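Step one of this worksheet: look at the structure below.
Labels run A, B and C following the written order; every chain starts at residue 1.
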């Protein structure tokens, strides 16, 4: 920031340029790869984003849709950056569902949250071969969020789902991505004494979130052709 | 360990302030004048240096005025002293309101056997002691002071009971601090408190 | 003084029961800047449970008492006088410099006059059965932590509670300012923190 001095001689109203002519856009793209942001400032920003999105909504789905829409362009744009940062050999667009999902689980997650996602699963239901699940035990965007009782289906990680959707769309794998809370231990305090059926994940990770990726039929169709070839 | 005592109040069971005494010097006369008026009516408080400064200078210089009760004498000539007396009277009322509210709050939360002992702010500490006959003692000291509970208790049994209760000339009820103008009690109290400082 | 203290009639009831001695942090109340109770949680035995209306009254009363205790500073006259003297000094200094010391300005040439710190209200209250620590934030929100009389490091606990409040209440998009705090995350983090310090003794 120290080199942000106005250009000599001519007064420039508005934008200021560094004296050496180098802006943030002149920096090599890999330079900021490991830089970090304040989580508090992100939390406040995200809080305002959620507040903005919840104005005049008809339903919870509405709100999630809006958050999704906010995330979508980020995913589209991030895809280019992520591929650019890959080593030259692997700098190709993912061609199969599995490589795409791996890109999301590893590169995208590391870029956004500083760690890989906690799980990647294919739907066990044979009638839904188009559904995949990316699991995050503690989504960073939800770190400080307590969802009110009357909005219990809401998961603000819909924003992250939007980013994933953007990445999928950008790689020509059109998909619908939604975020679902599965660690519902806190929402039903009455049942938490008897209901031990939930498995170990619920107790440990109250904020556990599943991102359900549902690919469009043409993606599956193409995938099956590729598999044969 | 010496402790700076600021003031002492006794309230009777009719919630009336029947005795009060200050051990702090009256404030230096305020310069009238060129100074803008915007600060004059605010409660201004402690820069740490100010506190330190006055703590050093206060005890030796202290003129001990028994403020409450003397407020209707004096006449109009000394505006300053009269308003100081009025302020002291207001203070006594505020202190009683405070300790009474806190005492009730404490009883509500801690049970009927619980008793409010003291509170402190950054500027002072208030110690409270209530006798079974609903006589209430309050003492304001510097904030770092340790518990003054036994001091208040001593004042009760060794000064109040000895010199006021056992004094056949002392009235049973002390309207407006009358009767607590008791030389023995006042001298004993002053000596006792100065011994602490 | 010595002989007075050694007086044999001096008998005070002491906190004797073992179950009342170590209770750690008993309860937390948060009062908003208008005196409304916005959070109320009990962590352990030791205080009477009141009904919710009584808690509201208590919060309002405490709010008023707190304001009065801030005004009762016995040295305020002295400090005001001291401040005045300081101000006048500054005023003269700025006057001699030729700068127009207008009433609002307060010496624009010299250093800013040191503004006295605002009087703090009640910070700690002690009773026979419990201890109440009050933390008043810059914005006027009050945190009341009730502990047993032996509890140490309440400042640290208070700091942590404030941290949790700043994180899990103020950063929560669904929390409306000055309204009652209903944040699961805050409850959860607070509970586990208090349990931790209560168990560590």
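Going forward, a residue touches a chain if its C-beta (ideal position, glycine included) is under 8 Å from a C-beta of that chain, and two chains touch if they have at least 3 such contacts.
For clarity, every value in this text was computed on a predicted model and none was experimentally measured.
**Student:** Which chain has its Cα centroid closest to the overall Cα centroid?
**Tutor:** C
**Student:** Compare the CA centroid of chain C with every other chain's and tell me the farthest one.
**Tutor:** A
**Student:** Where the centres are mean C-alpha positions, what is the separation of chain A from chain C, in Å?
**Tutor:** Centre-to-centre distance between chain A and chain C: 42 Å.
**Student:** Using mean CA coordinates as chain centres, what's the gap between chain A and chain B in Å?
**Tutor:** 65
**Student:** Taking each chain's centre as the mean position of its Cα atoms, how many Å separate chain B from chain C?
**Tutor:** Once rounded, the distance between the two centres reads 23 Å.
**Student:** Hunt down the residues of chain C that sit against at least two other chains at once, touch-wise.
**Tutor:** None at all.
**Student:** Can you list the residues of chain A that touch 2 or more other chains?
**Tutor:** If we look for residues of chain A contacting two or more partner chains, we find none.
**Student:** Considering chain B alone, which of its residues make contact with at least two other chains?
**Tutor:** Correct list: empty.
**Student:** Spell out the residues on chain C that touch chain B in their complex, using ranges where they run on.
**Tutor:** 1, 4-5, 7, 9-10, 12-13, 47-48, 50, 54, 58, 61-62, 64-65, 68-85, 87-88, 91, 103-104, 106, 114, 116-130, 146
**Student:** Once bound in the complex, which stretches of chain C touch chain A?
**Tutor:** Touching chain A from chain C are residues 167-168, 171-175, 182-186, 188.
**Student:** Could you list, by residue number, the parts of chain A that touch chain C in their complex?
**Tutor:** Checking each residue of chain A against chain C gives 40, 43-44, 46-51, 54, 144-149, 151, 156, 186-187, 206.
**Student:** Considering only the defined contacts, which chain B positions touch chain C in the complex?
**Tutor:** Interface residues on chain B, with respect to chain C: 6-7, 22, 24-31, 34-40, 42-47, 50-51, 53-54, 58, 91, 94-95, 97-98, 101-102, 105-106, 108-111, 113-124, 126, 140, 147, 149-150, 153-154, 157-158, 192, 195-196.
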